[in-house]
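Across the two complexes that follow, subunit A remains constant while its partner is subunit B and subsequently subunit C.
The block that comes next holds the complex of A and B.
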């Protein structure tokens, strides 16, 4: 690695790769990882002159100093939430990329053929499905280097496969916990929803200590077969000194409906790349995100709504509430490929600036190569309106509380797009706690 | 509304007139320091201009083509075969009979006055309008307005010219502004004294200057405190030229309380690369408005901008782009807010026909600690055929709590029911489409001076005729 990362040399690589759970990986997978490592080393670190990294504080992406995750000490369960509300269908916990527990809590699902397991286990038991889907979608939004890094070092992953017609109402829940200064983690999620199935996943990214530095380089791939419905919700609460690069890919086939909601709270620099590909007619993808930015946090969000076939729909709503000296970047593209007629695409980013030093950058983009489409995008940046504030204050609510109420209303609108009421309630609480 | 027209028969040779060039002053092809010496010597320019040009030449050489964000089409430009300076005193040597029928028909349809047609067709290098021109010149000169060619201005009024020249758009702004700075010739210089409101719109087109429609023209307009001026450039008639690269630089300076309106209507031949840098500097309570209409050309890249430098300054860009088959209109606007309570407005409408591509690219920047800044951006795109393309790439940066920006863009096509309705009432499909397109841009066109809006409407009719079938 030309950048001179002290810790991740090729010799380190072998020790990281032979870590727990991965030693028994099949040969083809090891080859894939070795090749990915070469690609990672060959690719330069991003620079701002690249349009895909415009406005980004790329200085945060240096890889010097990070170490492979040490053993997790203490009680991981203290960092997870209680199982009662909402009741999960199954739960997997990773601490520093090592498996703590994997449990399917609803026995009926096992008999229905649902697979809910770790990546390591799936490599043994379902190699064909993994060969077909593991990081099969190309990286489009700039993080090719980080995708290769992830691919070569991934160990903490989950694999979920929902058989045809199976509808699961309670969400699956996944925790990735991190502890130790300069720790690296590579969370991976692969979900395949077969025809007409239905499933919801709630994934948590949590740091044990609010100050410790670290790097998270994660991938989540969602595959929706015809008629399926898949909702993926992530809550990111890394420490305030964390650097995170998360790459999402959603592949939506005929008449399927994907929903991706990201709640971003933690990290020093968090980049979220999200691609939705509508590859068959009738496919739909809802892309939602909420970011609450404080101090000098930077949230760097890049999205692509790729309409490849006619009669497909996508709807994006990203909202950022910016405090202190925080920065947000949103760069989104609606791409309507030739022949993808009657596409209906919407994209909206809204920035609520709550401080004089906050900065919001918006780059909403359109590329339309078909006709008879309905494509609209909008970007607004503004602050709490004095009239709104006056109204609340005249009712005896103090300035701070009034601003908090307005920010809450602003952000909750995104969560209200979720059809599951109990889950929305839980997420409302999460937002409330951050304001 | 989907009209299946994959390919449109368009005469690609339009504009390829045979020019029997016998210009006495010709700097040859390609660009070296010698070319610059030649230009400076021939034009008898002062030494500081020589230095300015040479410095710009090196900047031009050192800058890469901006293909990392713009299209690869730029690579088609061969800088070594371009003639960078040609004093075209007697360039036009064809006769009216040689002008192709379809062009004559275009003039007819656009309602271009007889007297202007020969000039526009390149039959006459000078437009014979001495009477009209001298009247305007006389009227504005009485008010103290200076209106002359840039070359003359840098010799006659170096005090005014040098103060602002290259200040709004520095040489190194981009590769093409550097190129222009190295080889510029032609263009207009206008100075409006304090408090003077120029009644007549000033038009480049009436000014008798062989270099009027130069390839690398340089225009500088200074509106002193409280003055007002409207400037018009180009016209709706097709502009025929053998040059394949047009790279102008236009700088506007509106001092305290001044108003400048700059109107461009350009219709280039389909082989022209039109890469123009336009920017205005608006001081306290000043107002700069760009009305920019782009038709024709192979590729146009043009993003008129306003730097809002004084409190309560206002900037506006109204842009219409029509991308015909095989053309790419990459246009937009830049608004740099640099003072409190500045406001800006961008309205862009584009139409893509056949395999045409229209791109909106915008930049809005509201830096730290400003209060009361507002921007509004609206982009609407209309797609005519299944193979048409449109893109939107805005970039908006806002800091602090005192400001607000909003951006909206939509893409649509002509409503099939509207067309059906109009055809029911006896209009042909082409007429109906044309009416719908005119309706789409109508609210913007109505802001144009009357003769322009009439011509523009006819031009859209003409463009739309070829698009259905």
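The block that comes next holds the complex of A and C.
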């Protein structure tokens, strides 16, 4: 830390370990944050001996050095513009956890009663809804300490509420931008879809600089009321020196259909916990993820498909393309609770090893306490098929381009599960640009 | 005029010699048929020409316009103008037929030059119409879920799009019903001309009713044992491959 400029900045910014600072949030929320801070301090950091952190490079999870986000300098739009989805229903941009812009771009949605706003605004205008839903879903996959950290320090977040019967076809788009060495951000997303409503959210996580260190500790809660359809897509492009812990929870009620798709490209160590709870009959959750791991990147994914009631469905497909010395970890549990008869639950993890030095760990799991259920799970790891490679090369495509084409095809299969054609086309382009 | 010269070629796979001193020449403007019973080494010949990594060339050479191609990677052979239609075309999950063909054509352009998308689709649709391939096949993953006949037509589509100097068709007729065979033959006959040399590898004479070869070679136990005009195929059809066994010593002596 000998460089003057860096040292100056660091001393001015407070360490995240000094706890919640000044905030204009209402009293009940500050109390919640103060309590969460105590819980954070009481919890130990994860260790590998904990089953929920098995294989994880927990050494990346030290919290010393990180600072509260400084002011974002530079042009946020130079980062958002090349990534924008054409014609979203609304767009919110945060830079270093500060709001840049929040616009509802489709005026018809406002008159329909749709709420698309920031967490800070929602705390003022919709406190009852937040009291009911803010981090109401329990964290079960190991990151309780990080959930408490998030809860106590969250500033930047979005709150989306879709009234009964409102169907929104163009996605809402959210950007979280980060800049500055050792910067910390706490992105928060809370979406409530009322009965028979329909909405899609596309969220981007972007570092301005590919080298700067940082920590993202994010929470994403989706609540699907009966008959609703909610799709949530994230594109993670943190810097290659970033540590990210992302905790996603989906609560699916009667005959609702949730879809999660995570596109993971960035970060040094990225932990992604995703829980889907099917709490009423007819509920469905599709859990999809694509991870492209390079260099010494590590993607650590933990999932739970929790079937609490009969006639529910979950379908998980995670694909990892591993280059260089990268690592992936997948640990997923399908849990069919007593009485959740006629559950359909699928879990498939596929690893494409594009290097001899890459390492993929898969730990699928089943816990079935009901009758008449259909569950399949499987994890496969393999290299590029030599005959496929020969076929492509015999058409003039060189080794590198052929492997890239095969990897792209491998990943495209996940995106092709999206029912929205315009969105999958957009995502194909985004993947293409990052391979 | 371009030519391929195969000289005294010897090829092994896993230490088993499959091709045992095979010599063959063909030039642009010509269609040659290589016929032979199962196990005679026909498909090995096609694969070794395309550069399949499992086969070891233990002797002889393959020259394209006087230059040995044996040290070249399969993609380089392709870009130099050699094409092989596979007997069993591979499925490439998640890669659309159109993107596959674009990548193959893009590989032929100098660095920095982009394939013209409009022109590409115009040409593609024209060739697809010729081969009676429905438009939806452009968006489908390469050969995935294709019937046997669709896979073979897709091979000929690639041949038509890539416009090679030499094409080796490895048992393109196998598994085809008569209607599919006619479509494939029509495609090949359209491509046929002074700019291309074609080597048809086939077990049956049937294909040669639709694609009339200029020369016919009979292969047995890793060698060409007899060469002649198109009438040789008919003779073989009526007499069967057993007839070769009788004539073999004489032809080998003449080799």
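As a working rule, the second predicted complex is superposed on the first by the 409 of 435 C-alpha atoms of A that agree within 3 Å, B and C clash if a C-alpha of one lies under 4 Å from a C-alpha of the other, contacts with A are read in each partner's own complex, and residues count from 1 in each chain.
Please note the rule applied: contacts are C-beta pairs under 8 Å (C-beta built on N, C-alpha and C of every residue); 3 or more make two chains touch, one makes a residue touch a chain.
Bear in mind the structure is a predicted one, so any value in this text is a computation, not a measurement.
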Superposed partners subunit B and subunit C on subunit A - clash or fit: fit
Could you tell me if A:341 is touching subunit B, subunit C, both of them or neither one (first, second, both, neither)? first
Considering only touches as defined above, state whether A:52 meets subunit B (first), subunit C (second), both or neither. neither
Contacts for A:374 in the overlay, against subunit B (first) and subunit C (second): which applies, first, second, both or neither? first
Quick one: classify A:100 as touching subunit B (first), subunit C (second), both or neither. neither
Return first, second, both or neither, reflecting whether A:395 touches subunit B, subunit C, both chains, or no partner chain. second
Between subunit B (first) and subunit C (second), which, if any, makes contact with A:34: first, second, both or neither? neither
With the two structures laid over each other on chain A, which partner does A:408 touch: subunit B (first), subunit C (second), both, or neither? second
Partner, of subunit C and subunit B, that touches more residues belonging to subunit A: B
So if I take every C-alpha atom in subunit B and every one in subunit C after superposing, what is the smallest distance between them in Å? 15
Quick check: in the complex, which residue numbers of subunit C touch subunit A? 50-53, 73-75, 77-79, 83-84, 86, 89-95, 99-100, 103-104, 107-108, 141, 158, 162
Residues of subunit B defined as touching subunit A within the complex: 1-2, 68-69, 368-369, 381, 383-413
Quick check on the complex: what are the subunit A residues that touch subunit C? 385-388, 390-399, 401-402, 405-406, 408-413, 416
Spell out the residues on subunit A that touch subunit B in their complex, using ranges where they run on. 49-51, 54-55, 338, 341, 351, 353-384
